[in-house]
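Labels A, B, C and D are assigned to the chains in the order they are written; within every chain, residues are numbered from 1.
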C-alpha cells in the first residue's frame, strides 16, 4: 500500500443544541492511499456526509464543530489550517461530488461557466483559456457535444448528464482527492452503471484518490478497493473490500450484507399462487390497450401544444390474489399506469375494467367501486401523508368516509391496523414530520389497508428507504398478501426487490410493456435487450460478478437517448 | 429563442384587462356623489349655468351613451375633454406623465441600491447583531408615513444642509435628478424594506443551499459564492414582488408627489377625483393600468432572462 | 423545528419561547398594544377628545408626558385611545381580504380551468387598477370613515391572498396526499378545505402580518388626503397628518403617534418573521 | 429687476377668463389681463383701467366708456371692439361660467375704436363693479379668433402687466414682463413664476430655504413661527373672507328663530379665533366683511353664553337638539372648527354629529339640503355688496345660500338696494339688512380672516387687496 494522501485521526464532531452537545462523529480514524477508492457505507444518518464535510471544514451549521482529532492532508493538519489555506484545499486538493446534482448545480449559471469558474480561480487562467479547459473536461466526462453544451443550463440535461457535469465541476480544479457523496442514488441503475464506470476511468487517467459514499453495498463491491462501515458516528470496521464482504466482523455489517437484495437465495421465493388463482376464471383487473397522453408546453398557439404518451398501448390482466411487479426506468410510465388504473389520471384511450366494470362506460359506478375496493401506497412516504393530520386522525377519516367499520369500532380498528404494519399504537398521535421515512411508509400502508381493499397498488414504496428498512417492508407485504388474499401490484425500478417479492413481473420501457412473465423466467432468461440491460446494471454484492462486463450493454445504453429523470426525494 | 415567444402573444391578454378597467372606472367615478358642473361653478352656480355645462360635456346623456362616445373618441385617438382644464385628456396626461415615471424609476433604482447591500449584510450575518439592526432600521422605513418622512428629509437635507432642492421638478436632466433624490428616497425607504425582507430570506435560504455548498466545496471564496451564486438565485422571487410593488407605486405616488410638489399624474388624479373631472380620472386610471401591465410584462421578461428554467 | 412535535407544558413553553426571541418580541409588542387598547379608559390620564385652551401646544412635561396638541388635548391619552382604532384597522383591514382571498384562491387553484381563468383576470384587473382611484372612489361613494376604508381594503386586498393561496393550491393539488385523498374516495369539498387549505395557508398568514402594516399606512395616506376617520376620534395616522402643520414648531404632535405606528408595525413584522419560521414558510 | 417666484397650493386650470370661477385662476388673470375698471389697492374704490373714463346716463341704463390707447402683448392695438367682444362673450358663450352675472347687458357696441357704449336692460348699481371682475377681462378678438379658444386658453394674447411665457401644467406658470403694457414703466420685475406646491409645510420650507421668494396661503398655525424668521416678512393683508356656519332653516327646530339665536349664543367665536386662526382672525358680526363697502361695525355681537342658550332652547320647547354637522374633508381649518364647535355646543346641551365628506360631495349635500349645520366661507369678487347680499339674503335661485332662510321684508329690501343709485340711501339700506339678518340669524357669522402671505425680506410691495388681486406690477425684488 502506498503512503496515504489523507489520514483522519480521531476526528470528533459535535453539535451544540439547546445547550447540550451531541457527538455526531466519534473518534473516527481512517486513511486514504494514493489512487485508492475507499467505500464509506452505513445507514442514513450515520454520519457519512458529515465526515466528508468535516474533511474540508464545510459543516452544515455553525452549531456543529470539529472538537478533536486531525485531518492530515500530506502532513498538513486541515483542522487548524487558515480559512485562506482552506480555499486552496477545497476544490484544489479535495474535490466534491454531491448526491443530488439537480440541487447542487447552479440553475441560473451555464454548465460550462460553473466548470471554468473553478479553473479560473484555482489556476488563474484567462476567460478564454478557462473555456478551452472546461470544454476539455466536458469531453472527458462524456459530453457528446461539449462546445455547444458548454452554454447549456443544468435543467436542459438529464440526471445522468447532470451528474457528469457535477463530476466535471469537481475535476475542474484538478484535485488529488475526490469525495463522491452518494453520486448515483438519484439515478436509474443503467445510468448509475455509466457514472460508476466514469469514476473508475477518471481514477485511471488522473491517479485520483476517491472516497465513495453510498448506502449500497453492491456499488462498493463493484468499485472500491477498501470499505469503511459507519454507524451512529462511529467507524465500525474498515478493511479491504473482499475481507469485509466475506468475513464481516461487526454484527451491523453482517446484517447489512445479508439484507442486500441482490442475494436472492437468502429468502425463499413465494409459492406460486398461480395454480390456485387459475381456478377463478375472471381477472380482477383488465387493462386493454391503455393510452395516457399528457399535454406539454401548450401555450396560446395550438400548434405548439404537443402531447407525450406516458403510457402507450398497455394491456395487462391481473388475477385475484396475484402479486405482480412492474419494473422499468424512471419515466417509463409505471406511476402513470398505476394512476390511470385507479382513475386518478384521465385515460386518453383504451379500457380499464375492475371486476368487470368498465371505467370508461360506467364511470361513476366504476370509480365508486374503485374507491372502495382498491388502494394505493405512494412512492414518497412524506408527501403522501397530510402533514397536518396525526396518523390516528388520518386513519379515522378514511374509516369514516369508507364506512365499512361502525364508528364505535374505529379506535379498535386503528390499533389493529397499526399492529398489522408493525407500528406501535402510540403512533396514532404522531404527525408525519416526527416520524422516520420507514414509519411514514408503514402509515401509508396502514391507510391503504384501512380501505380493506381487494387490490393494492404500491408505487415504488421502498425506493427511498434504507436497505434494512426496505427488507422489513417487503417482509410485511409478503405477510399481508399471504394472510389476506390481497392482490398486489408492486411498482419499482429496483429489479432485485421485485425479484424477491413477486411471482410475475412486467417490464416497462417508454410507456410500453416490453416483457412480461414469471419472475424466475424473466430474470434468468431476459428476452428483451432492455430487460437484459436492466438486469446487468444491478451492482452485485459479489465483487467477482463485475458490473459492466458486457460490451453489449455499453452499446445498448449509448443507443438509448437520455431519458428525463425525475428527482427522487 | 422560443422561450421569449410569449412577448408576442402576451399583449393579447392585456386587452381584456384594460377594457375591464375602463368600464369599471367609467361606472365608478359616475357613482360618486358630487357634480362636476357644480364643482367648477362653485358658490356662484345657477341652474342655467349648471345645465349649460352639463350639456357641453355630455353629462346629461345616459351613462351607456356616454361610454359609447368615450369609445368612439378613443377610436379617434381622443379621450374627451377635461372639465376642469378645458383641454383634451391625452395632451394633459402627456404633460404630467414624465415626473411620475421618473419618480418611480428613481425610487426603484434607489430601493434596489439600498435593499441589496442591506439584505446582503443581514443574510450573511443572519441571527446576529447586523441582521437585527437591518430589520429594525427597515421597520422604521416602512412604519413612518411617507408624508412625515418626506418632510423630515426636506428639513434635514434642504433647509438645514441646503444641499438639495426642497421641492419641484427641474428642466435639465441633472436638475431633475437633484429634484428627484429626496422624493425617491422617501419612496425607497419603504419599498426597500419590502425588498430587503424578501431578499434577505431568499439569501439566507440560498446561502444554506446546495448550490452555495457546492461552490464552497470547489474553493470559491465567500464573496464569489455570494455575488455569483447566492445573489442571482435570490433575485428570482424578488423580481415578482418588485413588479407587484411597482404596480402599487404607480398608482400611489400621490402623497409623495404632493409633499414634494412633483407635477405628476398622482396629483392630477387626486385633483381630478376631488373635482369629479371624469375624463381625467378615466384617462389617468387607464394610463396607470397600462403602466402596471407593462411593468408586469417587463418583470416576466426579466424573470425569463434571469432564470433559464422559467418558461412562460 | 416542528410545531407539531411540541406538546405544551409550562416548562416546555418557557423553553420553546426561549428559543423564539422574535416570537416573544413580536407577540409581546402586539399584546402590549392590545392591553393598552382594552385598558385605555383606565390608563389614559386625560379624556382624549377633551379640549383645554389653557394648555395648547405644550411640549412634553410631567403633566403631559407626550405634550398637547393645538386644542390642548393630551397626546399620550390620544395615542392610548388611538391604539383601539389602529388595532381595529389592522385587524379588520386584514381579516376580510384574508377571508375573501383565501376562498377565491382555494377555489380558483383547486378547480383550475375556466373558474381559475375568470378569477385570475379579475385579479389582473384589480392589480392594474390604480389603488388610489378605487380607494378614493369608494370612500367618496360611501363617505369617509372606517367602514368605507375597510370595504375599499377588502375589495383591493384580497388579490394578494388569492394569488398566494392559488399558487400553493396548484402545487398541492398535484401532491401525493391530495391524490391519495382522491383515491380514498374523499369529497372535493373535504379535500379542498380539510386537506389542502390548511397546508396552503401558512404563507398567507405570514403575509397578513406585513399586510397589517400596509393597511395602517394606507390608512395614514388616506388621512393625509383628508379622508381619514371622522374627527375628533384619535387615530395615529390622522394624528400624524393633522400634526403636519406643527411639524417644525411642535414636533411631539406627530412624533409620538408616528412612533406608535412604527412600534406596531415592528411587532407585526417580528410576529410575521416568527410565524414564517414556525410554519416553515419562505417568502 | 429679477423674477419673482411665488408658491401656491394649486396650479392654474386655464387662461380663458370666462371658463373658470376659481381664485387660483383669477389671481393670475389680474397679472396677465387688464380690465376696463379696476379695484384699487384698498379694495373699496373703483379706478380706471383700460377705460380711461366713463359716463352714465341719468336713467342708469347707458354707459359710455372711453378706451385708452393700449396694446395687446402681440403689439396689436386694443380697441373698443375688443372690449365689446369680451363682454358679449362672457354673456353669451356656451362655456362661460358667468353669463348670468352679465345678462343685465343689453347691447355693447364699439361706437368708435375708443368708445364703448353699453346699454343695460335695467338699472344696476353694482354694474361697474362687475366690470372689475378678472373674468370680464378684455381679450383680443383677433387673437382668440385666429388661435381658437383652446389654444388661447393655454397662452393668451392679453394686455396686462405680464404675458404667459410658458405654462408647465401642474407645476408652474411662467410670466414675463409685457413690454406692451400701457403702464409698462410701473413694472419692476422681469417676470413672475407662480409655482404649485400643494403641501403647506413644503411651501413654507421653500421660502424658508430661500428657494421661493414668496408663498401664499400661509396656514394660521405657522404665522408666529415664520415671523420669528429674520429672513422673512409675514404679510397680513385684509381680505373679504368671512367664515360662517350655515344653518338649514328647513330642518325641524332650526326653523325657529330662537333656536338659531341659541346656537349663536352657544358658539364661542373668540375661542375659534384663538384656537383655529391662532389669533389671526377677528370675530365677525355681519355677513359683510369688515372694511368692505357698507360694513356696519356696530352690528349686534351676541356674547358667548351657553346658559342663556340653554334657557332660550328650553323656552322654545326644544330639548335634546341633535344636529348633523357636515365637514369638508381635507380642509384642516374646517375640521378644527368643527371639533371646537362640537364641544361648545355640547355645553349648551346640543349634540353635533360630525360628518366628514369629500368637498365635492359636501357641496352636493349642502345644495340638496342634506345637512343641519356646516361651515363655509365667502370671499367677495367684486367691490359692491349686492352680489353677496343677493346670494345670501335675496331669495335667489340658491335658497339663500342653501340655508332656506325666508324673510319677505329682507327680500324686498335687497331688490330695492340693487336699484338704488344714491350711495347714502343705499348705505342705510345695507345697514338695515345687516341688522335684520343678524336678528334672524340667517347663518352664524364666525370670523373674518386676512390673507396671510410670506415673502423674503428682499421682496417689497408684495401686496394683495381685499378682493384678492396681487399688485405684482408694483412688486420689487431687491
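Note that a contact is a pair of C-beta atoms (placed from the backbone, for glycine too) under 8 Å apart; a residue touches a chain by one contact, two chains touch by 3 or more.
It should be emphasised that the depicted structure is a prediction, and the values quoted were computed from it without experimental measurement.
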| task | Count the C-beta pairs in contact for A-C and for A-B, then report the pair with the higher count. | result | A-B
| query | So, what's the distance in Å between the C-alpha centres of subunit C and subunit A? | reply | 46
| said: Just the number, please: Cα centre separation of subunit A and subunit B in whole Å. | reply: 49
| message | Based only on mean CA positions, could you tell me how far subunit B sits from subunit D in angstrom? | response | 38
| query | Approximately how many whole Å separate the CA-defined centres of subunit A and subunit D? | reply | 86
| request: Can you tell me which residues of subunit B touch two or more of the remaining chains? | output: 32-34, 147, 151, 155, 258
| note | Two or more other chains are touched by the subunit D residues 199, 201, 205, 330, 358, 360-361
| note | Listed by label, touching pairs are A-B, A-C, B-C, B-D, C-D
| remark: Per the touch rule above, subunit D residues touching subunit C in the complex are 199-201, 205, 219, 221-222, 224-225, 271, 274-275, 327, 329-332, 335-336, 338-340, 342-343, 354-358, 360-361
| If you look only at subunit A, which of its residues touch subunit C in the complex? | 18, 339, 342, 344, 368, 371-372, 374-376, 378-380, 383-389, 397-398, 401-402, 431, 433-434, 444, 447, 451
| task | Quick one: which bits of subunit B touch subunit D in the complex? Just the residue numbers, please. | result | 32-36, 38-49, 52-53, 56, 84-87, 92, 95-96, 147, 151, 154-155, 158-159, 162, 165-169, 258-261, 263-264, 267-268, 271, 274-276
| subunit A contact footprint on subunit B (complex, rising order) | 5-6, 9, 12, 208-211, 213-221, 224, 228-229, 232-233, 236, 306-309, 311
| remark: Within their complex, subunit D touches subunit B through residues 10-11, 13-14, 16, 19-22, 94-95, 97-101, 150, 153-154, 168-172, 195-199, 201-203, 205-206, 208-209, 211, 330, 358-361, 363-365, 367, 376, 378, 391, 397-398, 401
